[in-house]
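Should a chain be cited, it is by its letter among A, B, C, D, E and F, assigned in written order, with residues numbered from 1 in that chain.
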Amino acid sequence: MTPVPEPIGPVDATKVPRFAGPSTFARLPSIDAVHDFDVAVLGAPFDGGTSYRPGARFGPLAVRTASRHLRTAYHPELDVTPFQRVQVVDAGDVPVNPFVIEDAISQIEAHAGDLVRDSSRLVTVGGDHTVALPLLRAARRGHGPVALVHFDAHLDTWDTYFGASLTHGTVFRRAHEEGLLVADHSMHIGIRGPLYDRSDLIDDARFGFEVLRASDLDRLGSEEVSARIRARVGDCPVYLSVDIDVLDPAFAPGTGTPEMGGFTSRELLGLLRRLGGLPIVGSDVVEVSPSYDTSEITALAAATVVYDVISLMARELGT
Amino acid sequence: MTPVPEPIGPVDATKVPRFAGPSTFARLPSIDAVHDFDVAVLGAPFDGGTSYRPGARFGPLAVRTASRHLRTAYHPELDVTPFQRVQVVDAGDVPVNPFVIEDAISQIEAHAGDLVRDSSRLVTVGGDHTVALPLLRAARRGHGPVALVHFDAHLDTWDTYFGASLTHGTVFRRAHEEGLLVADHSMHIGIRGPLYDRSDLIDDARFGFEVLRASDLDRLGSEEVSARIRARVGDCPVYLSVDIDVLDPAFAPGTGTPEMGGFTSRELLGLLRRLGGLPIVGSDVVEVSPSYDTSEITALAAATVVYDVISLMARELGT
Amino acid sequence: MTPVPEPIGPVDATKVPRFAGPSTFARLPSIDAVHDFDVAVLGAPFDGGTSYRPGARFGPLAVRTASRHLRTAYHPELDVTPFQRVQVVDAGDVPVNPFVIEDAISQIEAHAGDLVRDSSRLVTVGGDHTVALPLLRAARRGHGPVALVHFDAHLDTWDTYFGASLTHGTVFRRAHEEGLLVADHSMHIGIRGPLYDRSDLIDDARFGFEVLRASDLDRLGSEEVSARIRARVGDCPVYLSVDIDVLDPAFAPGTGTPEMGGFTSRELLGLLRRLGGLPIVGSDVVEVSPSYDTSEITALAAATVVYDVISLMARELGT
Amino acid sequence: MTPVPEPIGPVDATKVPRFAGPSTFARLPSIDAVHDFDVAVLGAPFDGGTSYRPGARFGPLAVRTASRHLRTAYHPELDVTPFQRVQVVDAGDVPVNPFVIEDAISQIEAHAGDLVRDSSRLVTVGGDHTVALPLLRAARRGHGPVALVHFDAHLDTWDTYFGASLTHGTVFRRAHEEGLLVADHSMHIGIRGPLYDRSDLIDDARFGFEVLRASDLDRLGSEEVSARIRARVGDCPVYLSVDIDVLDPAFAPGTGTPEMGGFTSRELLGLLRRLGGLPIVGSDVVEVSPSYDTSEITALAAATVVYDVISLMARELGT
Amino acid sequence: MTPVPEPIGPVDATKVPRFAGPSTFARLPSIDAVHDFDVAVLGAPFDGGTSYRPGARFGPLAVRTASRHLRTAYHPELDVTPFQRVQVVDAGDVPVNPFVIEDAISQIEAHAGDLVRDSSRLVTVGGDHTVALPLLRAARRGHGPVALVHFDAHLDTWDTYFGASLTHGTVFRRAHEEGLLVADHSMHIGIRGPLYDRSDLIDDARFGFEVLRASDLDRLGSEEVSARIRARVGDCPVYLSVDIDVLDPAFAPGTGTPEMGGFTSRELLGLLRRLGGLPIVGSDVVEVSPSYDTSEITALAAATVVYDVISLMARELGT
Amino acid sequence: MTPVPEPIGPVDATKVPRFAGPSTFARLPSIDAVHDFDVAVLGAPFDGGTSYRPGARFGPLAVRTASRHLRTAYHPELDVTPFQRVQVVDAGDVPVNPFVIEDAISQIEAHAGDLVRDSSRLVTVGGDHTVALPLLRAARRGHGPVALVHFDAHLDTWDTYFGASLTHGTVFRRAHEEGLLVADHSMHIGIRGPLYDRSDLIDDARFGFEVLRASDLDRLGSEEVSARIRARVGDCPVYLSVDIDVLDPAFAPGTGTPEMGGFTSRELLGLLRRLGGLPIVGSDVVEVSPSYDTSEITALAAATVVYDVISLMARELGT
């Protein structure tokens, strides 16, 4: 694809201090301020699918605020100047119905579907993990079925809770059932903690997921884990879903279902940065619940992940 | 009515420190541990009807924990030893579906309906204010329509949000429509803050509510405000609903929709303690959202209100 | 003056939840989105003049975020629908140099001066109190010298700190020296706490200020205090400066120099709402330091004050 | 008495910023740095007598830190320049055994006894209220039995907890039994909340205490309450004991046994400042538990009370 | 041993949301609700032996609350369904005297002694580390002397503090002196930080402890460290004592004597999970001080450790 | 050099509990209390050079308070009893002008210059990183140009912000320009995160710095990284500057410009402890901003680093 000739970048931090100026992600232009875009950051402030601590509806707000921390011109590990290379915008928030899960899912699907086109990509900030389902539907519409690369403490392939089939713990079973995923090319990374039932893992495997547990990282190392991810997804278009609780609670206290024994932030970044070259067609970063956060560390981690995903996309998209 | 002879009271704080022992409200016996009861404290941990900051699902847990602060044998202002006078129990939590408002409302209505009988009263800890609707339905079933005495920063008589008719901001319009309230005997106390529309007040009056704004307390004083409440409810059975946000955010930061300019905690207690003699047949204390609380001050305020409501009921019920 | 026909108001909260949508004050239109405006909310994120706890540079961000709490259509105490009556906008932040006080003051003076015209008013969110000096300069340019109505725990008429003459504790002495204030028509309200020297009060009086201490409110009551304010300012154009530390630390912990014994939030609102009819030509709300705040209570108080000041202006401005 | 000529005052805040310099109370000289003193601030960092939330052992540290907030030269309400009028020092902390209550009490008694002489006064910062007993013993040694003016939410005249007779809830019964108090001249102010037993009040009266409940302040007003205190103590030497939980939890969250419905900080200061002229021979400010505090508001309140008590003493002591 | 047929497990999380229902550990049955048990979780809410930050008396309450986070049916790393395999119960709290260390120790020893029998095991939640002494006494009574596997930042083999011999820093010297430990089979893991004296290590070795410092984990790796633990304990019955401060303060801020440079939570779990097969006859998890915690991360870590220890026991106990 | 015969050490923690006693670093003697010293801990409470979150002016206060946690007699990893080996003192704070950067720098330079002599060393607690410039000037005066070993997330070699050349992000470019550093012997360790511009790294190299990124530690390991530091500095006198944000935000949330992906605290200590034998002639530990800290974990990390640096110095200095 051809990026627009001269992308409009963030507000210049040498002219407007980072604590001032617009509240868009990384102080990027709003979607209304540009003619076209390559990558859009979208907020999906919905948390009605949360089983324990709610509050992820404030995730987009918190992640945008924390993104003020970022210096953004040049990403040295990925050797890319993402906002010069492609046009990145903030697409605002999906106006969701906070009371009815089905409505919210439809709204996100419609809104994201309007933004996703062949040449554009979405990085969506949740919201709870429920939002991944409509985003995967929108991704399929734009790019066909995808290989899911899923960083999370939890499988999120349970069937129902209290009879509800659309919740933050059931989305990837639904995605599998709806044919949104390329069979046998998806993977969970960072899984840990006890399960509701021994059969959870059996079901999950049956749906075509491979599991790399958090403790596997100790055993295999970052190089090997990233190699396995690459091998798993093959040439499929990739949808990258990052539940911030893949980090240990020390690194991401601000989330709804924290789980002891997770990744350090350097480990997560080390894995993400080894995914260069994959055709990431869509992504979400979810489950930031700011009222449980501490001095923005969770939101800053999420904002950094968003920036890294944009940088990965920019390397592939830019010419 | 005849209270059970020799009520079982809380765990003795001179034998078991208040930071130890059972986690029931005020360390009272569980409902399973007694033959019969006069007053039951019930948890309704549902917050799916919240329009802004969620988290009131953790309200019952937080209020029970904060109730450990209470010395409880003798209430000097009301001159009653409530737990000696009547049998008070902790009835546990309604097991609610966190994902579907209609289901949760049905569950609360059924559960509360089983507990409310002619000779027993419920004091329910929310949860968001949505829980008041099924509780009023249960109250009507047990006691007929009621006069609502409603302490809150907000009217909660809006029509719908995003098309949803059952939310924490619409319950009392629904209660009016369903005939749960005695016409023209209900009252809001503590209302303040801007409104969605000038017509909000007109609608509210049309539904038969009288409004005493927070600033009216300055003008009228506690005696006159309580006199007006008494005059308003007349001889009707009273349902007392306390949204903790009737307190100023300094006194109750842990709530979902705080509003500047509210009551101090002494003002609220002063009003409640002047309601002695009213036939309070049911009550709720709602909207405690612990993740926004500070050193338990909101939860402690709510626990104290629960204790005071029990004490008011005990004075009327006991022989 | 003639307001623009059909003002553009905030985002509709029944269509976009308050936790979503733009991060302007009260989700009002940005200054770029309208042709003209009557009242502009401006951020002055500077805290280099702070003598104790810094952080007010994050005040505009926090107050805008907290303004999402506000329902805004109708102000019942002032009986006005401010955003229908006049065009209110968010004018963004002054891009200030955080390192050099003199530069920041010049930047604010220039930026505000461009916005203040005969028919328009500014409500500026600080920042520390240093920002009041350039704002008073801009006010004089637009409206001539003003009567200062100053809510604060502190006089802010000291001479210098460490040889620095432009700090948050010296601005009103400077304003007096520069002739920005109408002689003998200004007033401090809410003063309390010990002083650096007994002569502080003598100097202050010499500069033409009248002082109403916090404890005077107990003695005089709100009606009398507001009557004295009105008497003091007479017919002068009024500049209203609200240091959030006029509130007690319980109501405004998020500030740099808290002082025990301040106003409750209802007392402050009660005083402000009795100032209807005064020709308020400019205003600031300063010293919100979010890292010391608790669950947004300070920022919410400041946002409510901003909304009330806008409402006061709208009553006078609108036709 | 004759104060030492030319007292050494605090570090000059115009030369050393308040966030720098020594960590003594109000940056006053250490006791080792002066020849003699009139008033000493002493820390008693013991919390082994706490029945619920511990942590008051960090009270002296927190109150000294919060005292950096204070401008201190001139107290306008009391019209006194305390540190010019008398020599005030920081006497450091009593080195207490944190594990054995009896040992700690002996250590405090001995340490305080060495400091109290006819012409000197102690203002002690707790620690939990247990420390009042050895301080009253020391006071009697220096000044004879005293009239106790006791600001607190709780009576602290219980008999024993778990068989322990020396705890923060039993000290004033012990003081009565030991003859440390002048009979029938002592008073509790600010009492509220439920009691362990109806007989608590009867016992308390039998020990010669008068009780003014928190709600009495609404009824009587500050003038009348202070008049009753004065009438009660008559001409006796006064020991002033301030449990910070006399304040409402909104004003003093950082304490071990908070109780809803307390004084505002302005009410407490208003009462204290009406006690001018009483012969205060000793004082304590106790129960600040910093790990429950919020942005230092409790510690700042306590530091301000200490400053006010010093100012009251200075008015009487200075010539 | 023979577990009771068909153990009663936790409340079903698909029927009662995890934020509702009983406040027992993992919502397990109370000890009163079953005929017999294999493993009991006991609270020992005592913190009178704390040398620095107190508050561990609230540890059992906090750990039980945090245990609501746990999904619990199946432990994939240990491949066990603990609550199906053996009967686990919550045995409530020891009612301790908070004021007198010796009394509290006696109470814990008696209470635990009643629960420990040949076929049953205790996992005790502290409380400060003082509680380990009576628990070791009870363990010896049931199982004879034990090999201590002790995860901690500190040795806890000092002699006395301020003359007190029974504190949280001296318990294992006392245990050695009382013959509670098998000679030369005990080990400290995770030790770090400066010491009171060089001789501390010499004494410790003399008492028969081996030390693995936190930094040894970098050098040796988890496999080797766990091998050394196994070699050290040999065939002895094992008592596993986990002071939560073995974790770095980032992972466990909520503790009384944090020490920089500790284990990550994944490291600790990795070590524990390599101890499968050891005959763990008793265990404690101590020093959780909730008022210093952040969003429950410390309490959640402790709850997870408790769950893992139960799972280790269940593997050995179940048939 | 010859240390004074018998150094005066900290207050004895077996006689005065660590929560009591003086507030000097590690409760060491004040500089006024000894005749001479080898190492002085100095506070430089200045944060006027901060580009994002301010508050480091409270760093010295917080680090001294957190140093109460430290047991200090014997450092087992470095096998040294630092306070017995050399005389260490607390030199108090530089009284800085908080409003004017140039003044503050002059004050720090003068004050430090008076303390640094051939035989003495300073360990300075910031304050923001701006303070390193005057400290390097003082170091050159005492020891000649130095090799800088710089632990930080950021290079701090930018040119100007808003035209200001003296800020916390520009100090090491200034130090290079002023010839304070030995050419080509300095090194940054822990660098990470995006940059303002790709040229930042080129400039930095041109000034003679070598960069070891945070991710290099994964690749190289602690031994190799420390070997490279040693190789880089050669025989030069070393100035060790530790910006606490070299730690990951999980370990150091209390800082102004946190950056995801940093060192764990054990990694940092592991590197520092491998620097034994280097001639460290001066050091700073900066950018602790307490209002963003959590339960003192950042301040405790900084205090531990200060203690380790003192221990490194003591090994070299003592005889």
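Criterion: a contact is a pair of C-beta atoms (placed from the backbone, for glycine too) under 8 Å apart; a residue touches a chain by one contact, two chains touch by 3 or more.
Note that the structure is predicted; figures quoted are calculated from it, not measured.
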Legend entry - Minimal step count in the chain contact network, chain C to chain E: 2
Inset, instruction - Could you put a whole-Å number on the gap between the CA centroids of chain D and chain E? - result: 40
Inset, instruction - Starting from the mean Cα coordinates of chain A and chain D, work out the distance between those two points in Å. - result: 55
Legend entry - Touching two or more other chains - residues of chain B: 15, 17, 19, 51, 57-58, 98, 161-162, 248, 250, 264, 292, 294
Legend entry - Pairs of chains in contact (touch as defined earlier), listed by label: A-B, A-C, A-E, A-F, B-C, B-D, B-E, C-D, C-F, D-E, D-F, E-F
Inset, instruction - Sort out for me which residues of chain E touch chain D in the complex. - result: 47-51, 53-55, 57-58, 97-101, 103, 161-164, 167, 291-292
Inset, instruction - Sort out for me which residues of chain E touch chain F in the complex. - result: 51-52, 161-162, 193-198, 200-201, 213-215, 218, 248-250, 253-254, 257-262, 264, 292-294
Inset, instruction - Using the touch definition up top, name the residues of chain C that touch chain A in the complex. - result: 15-17, 19-23, 43, 45, 57-58, 60-61, 64-65, 92-96, 98
Legend entry - chain C-touching residues of chain D, taken from the complex the two chains share: 13-15, 17-19, 68-77, 81, 222, 248, 250-251, 264-266, 269-270, 294-297, 300-301, 304, 307
